[in-house]
Amino acid sequence: MIATLIFYILGAIAVIATLIAITRRNPVHAVIYLVNCFFALALIFYLLGAPLVAAWEVIIYAGAIMVLFLFIIMMLRLSPTTDPSRYSPRWVQWLPVLLIAIALAVCTMLLTGMDNLSAEGVPRWYASPRDFGYSLFHEYALAIEIASFQLLFAAVGAFYVGKPEALRGVKEEGR
Amino acid sequence: MIVPMGHLLILATILFLLGLACVIAWRNLIMILIGIEVMLNAVCLTLVGASAYWQRIDGQIMVIFMMAMTSAEVSISLAMVVYLQRRKNSIDIRDFDEMRG
Amino acid sequence: MALLLTLTLLLPLAGGVFISCFGERVAKPIPVVVSCAAVIASFLTCLGAFSAAGEGLRVVLFSWLKSGSFQADVGLHFDPLAAIMALMVTGVASLIHLYAAGYMHDDPDQSRFFALLNLFVFAMLAIVLADNLLLMFLGWEGVGFCSYGLIGFWYRKTENANAGRKAFIVTRIGDLFFTVAVLWLFKLFGTLSIETINARAGELGLVTVTILGLLLLLGACGKSAQLPLMTWLADAMAGPTPVSALIHAATMVTAGVYLLSRLFPLVSLSPVAMGAIAIVGVVTALYAASCAVGQREIKRVLAYSTMSQVGYMFMAVGVGSVSAAMFHLLTHAFFKSLLFMGAGCIINLAGHENDIHLMGGMRKRSKPVFLLFMAGLICLAGFPLSGGFFSKDQILATAFAHGDPFHLAIYAVGILTAAITSFYSFRLAYLVFAGDYRGEEQGHAPSGLMIWPLVPLALFGLAGGLINLPHLFGGHSWLADWLGQGEEEFHLSVHSEYLLIATAIAVFLIGLILAHLRYRRFREPAERVVGRFLLSGWYFDGLYERILVRPFLYLCRFVWVGGEQGVVEGIVYGFGRTFTHWGKLLRLMTNGRISTYLQGFVWGLLVIIGWFLLRSVA
Amino acid sequence: MNAATPFQFPLLSLMLWLPVLGAVLCLVCYKKPDLPRWVALITTALVFLLSLVAISAEPAASGWRLLEDCSWIPSLGIRYSLGMDGISLLLVILTTFLQLVAIVISWRQDKFPVLFFPLLLILETGIIGVFIALDLVLFYLFWELMLIPMFFLIGVWGHEKRIQAAVKFFFFTLTGSLCLLIAVISLYLLHGQQTGDYSFALDALKQTDLTATQELIFYLCFMAAFAVKVPIFPFHSWLPDAHAEAPVAGTVDLAGLLLKTGVYGMIRFAFPLFPHAAEKSLPVLAVLGIIGLFYAAWIANLQRDIKRIVAYSSISHLGLVLIGLAAWNQIAWEGSMLLMINHGITTAAVFIAIALFHRRTGTRDIEKLGGLWQSQPNLSAFFLLFCMASLGLPGLANFAGEILILIGTFTSHSAWAILAVGGVLFSALYTLRMVQGTIWGPSCEPFERQDLLASEWLVLIPLAILVVVLGCYPQPLLEVLRDPVSLLLQGGHP
Amino acid sequence: MTSAALIALIPQLILALGATAVLLIGAWLPMKRGWHYVGALLALVAALLSATVQPAALDVAGLYTSAPYARFCSVLWSLTVAATLFGSGRYSDQRRFGGSEYTSLLLFAAAGMNLLSMAISLVGLFLALEAFTLVLYILIAFNRNCNRGAEAGLKYLVFGGIATAFLSFGIALIYTASGSFMIAEAFNALRAGHDLTPLGLAGWAMLLVAIGFKISLVPFHLWTPDVYQGAPAPVSGVLATAAKGAVLTAFLPLLTLLGDSGETVRQIVWLLALVTMLGGTLTALVQTNLKRMLGYSSVVQMGYLLLALLVGGVSGGKALLFYLVVYTVATFGAFAVITSLAQETRELQDYEELAGLGYRYPKRAIALAACLFSLAGIPPLAGFFAKFILFRTAFAHQYTGLAVVGIFASLVSVYYYLRPVVTLFMRQDEKRIDCSGSVSEYLLLGGCCVVLLLCGIFPEPLLALVAAVFP
């Protein structure tokens, strides 16, 4: 019962945090608010009986990815001081976006809400790290491999693209 | 299950569309990427909820893969950001409309 | 016999083909020799075959077109009519070839001339000898082509070429009707054999016959330069003189008469058609004679007189006497070709001067030419006892003999025309020969080759009466018998015959006297409306230009600009323009902006979700 | 005409594929620019001889002189089946002959001969294939195969406005043939659903029973393709451009052969497959034919480019052919076939003469030309002869066909025939205008004064002989045409 | 993860491990073109194995299947990548980006595509799709001396990310509705009478958006021309052929498995096909840049392919595969020509620059013409039979209207396929651009032309093969 209550609170927090995040002029602030949202989500995951996922949410998203964002933002010195009007949309521009978003939201919710997946009879569910790991490394071993390959080549690509020095002796592509 | 699945879906949808709104509204590449992150998180939420609803674990496992994928994608995207910043000294997507028609 | 007949037809063809293929590549005289030889030989063979004509000779060379129920052979039919005609054609043609050999002596491309001349003779013979209408049509078009080529022989001058084209087109208009008649006859009889058609003509209804008759008449008008299709003949004088002599005096222009006489059994069944023929003939005769009075160029005078004489022949057919028609055809062929060739000589004498007002005194320049030309002229004018006199008189007599007012009217007009004829003949004579030379050209005397062929023609012309001498003069009207029409000739009472002859002589004298008074000594005529009216042939050219040619060109332009470029092309290119237009519009969507592209995503999603929602609500 | 026919020497296939072989050879020896000419010449000569050999084949009871049939794409029910009856025979001979002529006349083609001659050869294969294919898809393939080579011939080797002309030609033809394709596929499916055997064979598809509307729709789709090629009146606007802009070889093929494929398609496929619809459409065809006859003749009267004049004259003549088809009786049809062949020869000849004038004077403008008889008497004489033939002077080629058409038409529909006769007059008008502006009148200055070269004699003399002989003695052709035509008339008509 | 599964996966393993190996060794052994050939060899071997090796068990770890259909596709993609590697040696050398990274990335992309066509589980599908999408992000921007490359990379990145989000959300929703990732089960669970559950529909909506992006259907296609124009020509070739084909081949079973319950979805697909064919055609009409035109043409062609998807089942599948093969060869050939015409620093893309090249480089010009004519569906090239079979199937399954629209579109499309040909052969070349090709490129192009011609004249073998693919 408490859990349900907490869920709604957390949900509210997540939405609000996101709302603020996506409207900040300053990317740094946006990232910070987003981290809040992710924490909230992590807790929701925990409540839904996915402790591992919750942990990873915190570690990977809030920890790794967002920090990476911060790092890049810092590195490129993208502070709002550099002509904020250039990057950030005004309310006028937000308006149609919101209209579309709301329209979509309404449609989707109506559609998804149409068949009621009520929680009755669904017991609390708790995925222990053991059986999590078990199925992960039994059924999904191959998937793990693929994901690892992905990461490897992503790294390669990132390295290649991000290589600082331009190649010598190659004329700039004319077109 | 603590809440009806429907509510979870509603929450997820809201988050997803907020992310989408962010992507549409912003011209700043970083913010666009952030929006994408938001959308992906909404997906994670759905998956976790679904796995709780169906009492099956593979939903959560899918979340793991998504995280891996996300991090890979983010690394590339940020590298791209750096690259673009270096080339054009701008990460405003409005500056990238050389090809058209 | 069959061989001779075949040769008659094929010799000129062979000559023509040979010359047109190799004429340029052999020594100069050879083409001339070959062509003359070919024609003369064909004349001789014709002469040889003549005796067979009595009972009719038929030769089928090969089957030309055979499809389904339709069959047309290349077949010859040699009956009295064809025989007499063929003999005339080849004979006159031979003389004219000889004359031409002299006349065209120093023309650079003789060979083209003689090739066409030979081909013409062939085509003309095809008309004469054909046993079915399709072969006849072949000849019919063939002579058209040859006259086209020969009128425009000196093609460097555009007006010559134009004259040739005009002749071709105008006669072609007539041919349309002829073609339709041929098609119809086939539909009616299932064959095109002339004999069969003549034999079975009786089966047809009156209306059909009338229409057919009129169609044939129009066809004949085209070739024979009768009203309303007569405008080409005067211009055709642009061709070399031998051409005028052969084609536009002796042979081709009489093809129409021949056609009508050939199908006389068919045509004669319809009084309306006959009447029409007579009217056309007589009106043309009058019209042309009047024009001849106004002409200044010697050859145009002769051209118009030809027209009017052919009118007489039509009149003869119209009043129902083929023999009279053929009689006049023959005499006319002789004296008219004589006149033309004489005119050629005169033109040479006058130093290539055509205008009779600038001539005069030609008698002094060359006696023989004067005599020969005068011989022709008096025949034309109908000097008593000359060939022309008898033939014309017989026509008028036949017309008169019908006795009903219509024919009497025709007779009257005929007489009037005769008067005019003798008038312009002697006008010509006086202007050309009397007095002193008025031009300044230094002419040269014609060569012997140009004189001698005229002599036999002169004789034939003068003595032409003998071949159909009326009983009144102790003759047996041989021609009529030969054509098998002896018995159906009208026999007038003796005194009315005398009366007719008297009137004929009278009108001849009237014409002579008038001409004598007016032209005894030359006076430059004042420009008068009447003069111009007659000179221009009653302004018929201008009229046709206005009511036919120009509207036609406007029509063409309308169809081209409005129809083709406007509608057809417009639609075609319209499609292209529309598509590219839409393409350009859509292209604006791809403006390179990521945000714009995202809109695409979002709207697409909205549509899809919305549709799904609707479906699952419903 | 099924696989049961005993094996025979594959003459048809040989004729069909030899040119392709030649084309490949030309491409192989692209290093030496002179070789392709010779290869092309030899190939076409061989094909011509083969087509002459084909005369010896006696017609079987079914009317076919030669048949070949073997499996090709069984999973789609497409067979490789060729057949040749009298009509095809004559048309094929015409094709091979004109191709030979085209090769010789464009002997001096020195722009990219490596591609020029192969394209001509491939075109030949396409045309021959159209005339002998009995499987609808096979027919369609050859039909389209004519497209690409002609497109390049016009577009690459053509005159000033060549690109527009090429694209226009391509589009008109393709539009039509796509309609054809749709109809073919639907007919095939229908037949398959009815009988269970999915086949594109002509004889099989004849058995399909269709409702009146279906038949009409299919018929219209078929006719769309053929009408564009013929061309029937409203669909003709590609033709003048294409004819005027194409190089001489292309023009010869266009005027001499491609137009005939349309008519052939009608009589071989459209009429027999959809007899009722065809019967209903005959008056329309006749009217369109008459319109085309006059319309084109009138427009031709105003053209300045002599090639365009002749182009429009082609439209006019094919209008006459169409009238003959619409008359639907033995005489008229034989006349139409005859006129097709004669028109192929005469028009090709006229175009060749014009091309030779063009080579010498560098212009095709009737206002600039004139008096060429002075400098080129022989060439002008040929030109005059061909022109006279094309205006239907009796004794020369076209007349035989025309008069048969007229007679046949008059026996069944007098009014059409009378109108058609009127059309013949106009042909005289524009033809004489062209002759006048070209060889008569005061002479223009040609660049080269010399008359005919040996190779040109070589081309013109056979053409002239044919023009005369076919005019004076077309009987052998009519003999060949009689039976197939009557067969088609029975087969096509209820 | 059994050994049978491993055997079934050998080709993909070769690709992936080979990619890694090339990468690692390449760090020590910097040879430029050599690695291309090694990679091409590896891909060939993979193709060969997947063509020949008949695995004992079809199911691979519950994620993938090695059914004939999947193997056919993997052969196709492996070959495409092999050809790309083989043909892009000179191009990448001149731009100094050749070598091990390029090779390994392409190889891994090939692995991803193979897996995608093999997927029977949504997880597998997701992973495979992401695998090669990620790689493509890099490959598109691979030429680091080119602004347009960067721009193209950016555009593909942004849209790819969003598409990923949509895809995963769709998968999540379907999972929510059905409780399973196995496609067959899941879709069975989605059925509600002869329609899908609303949740399933929502999931499908998201899927459709993602797929629409990947195979660039109107209105999700706008990125296509830009990316094709900016990316290096060989990469554009892969993008236009293998990347799209893989998605299509994965899409076909999805739509087929819906069976008669997929009516609603089919309606949307029908709509998409319509607007794609029309919109793509019209926009392509006004293009003046070869690569952009090819982009739009690929859009239109996908529209045609949707016809086959709509028909679905065996007949649809046959038509799809046949068309896909022909389309792949032709499009790849076209891009190969661009690759081979490219100079040191720039590719010839604008028609103006192509004017008259047909006279100086007839071989390549003819190859391009052949590919374009094949795309236009003019016999005797393979494209004709591809279209023929496709439209025949559509007619046979009562998609007449759409088929007629398709035929109409392909009629109009001839215009924009002709334009480059016209400029190549019928214009005079003023600026005498010099662009020499290499032997490997000629070999490649010759191969393409031969395939197109053979399949155009004797389509039977390929048809039989395609028929054999479907049990």
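Read from first to last, the chains carry the letters A, B, C, D and E; within each, the first residue is number 1.
Operating definition for what follows: a contact is a pair of C-beta atoms (placed from the backbone, for glycine too) under 8 Å apart; a residue touches a chain by one contact, two chains touch by 3 or more.
Since this is a predicted model, take the numbers as computed values, not measurements.
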Chains touching both chain D and chain E, listed by label: C
Top-ranked pair of chains - ranking by C-beta pairs in contact: A-B
Remotest chain, chain E as reference, centres from CA atoms: C
Most remote chain, CA-based centroid, reference being chain D: A
Chain closest to the assembly centre - both centres taken as Cα means: D
Rounded Å distance, chain A centre to chain B centre (Cα mean): 5
Intercentroid distance (Cα basis), chain D paired with chain B, Å: 65
Whole-Å gap between the CA centroids of chain C and chain E: 78
Whole-Å separation of chain centres (CA-atom averages), chain A against chain E: 30
Chain B: positions in contact with at least two other chains: 5, 9, 19-20, 23-24, 27, 33, 49, 53, 58, 61, 65, 69, 72-73, 76, 80, 83, 93, 96-101
Multi-chain contact residues (two or more partners), chain C: 587, 590, 592, 594, 598, 602, 605, 609, 612, 616
Shared-contact residues (touching 2 or more other chains) in chain E: 123, 127, 130, 134, 137-138, 141, 144, 147-148, 153-155, 158, 162, 173, 176, 198-199, 201-202, 205, 225-226, 286, 415
Full enumeration of touching chain pairs: A-B, A-C, A-E, B-C, B-E, C-D, C-E, D-E
Residues of chain E that touch chain A when the two form their complex: 1, 5, 9, 16, 19-20, 23, 60-64, 95-96, 101, 104-105, 108, 111, 115, 123-124, 127-128, 130-131, 134-135, 137-138, 141-149, 153, 173, 176-177, 192, 197-199, 201-202, 205, 344-347, 349
Partner chain E, residues of chain C touching it in the complex: 579-580, 582-584, 586-587, 589-590, 592, 594, 596-598, 600-601, 603-605, 607-609, 611-612, 615-616
Of all residues in chain E, those that touch chain B in their complex: 123, 126-127, 130, 134, 137-138, 141, 144, 147-148, 150-155, 157-158, 161-162, 164-165, 168-169, 171-173, 175-176, 179-181, 199, 225-226, 229-230, 286-287, 289, 292
Parts of chain A lying in touch with chain C, wherever the complex brings them together: 100, 103-104, 107-108, 110-111, 114
Chain C to chain D touching residues, read off their complex: 20, 24, 62-70, 109, 112, 134, 137-138, 140-142, 145, 148, 152, 155-158, 161-162, 165, 168-169, 172-173, 176, 179-180, 183-184, 186-187, 553, 555-557, 559-560, 563-564, 568-569, 572
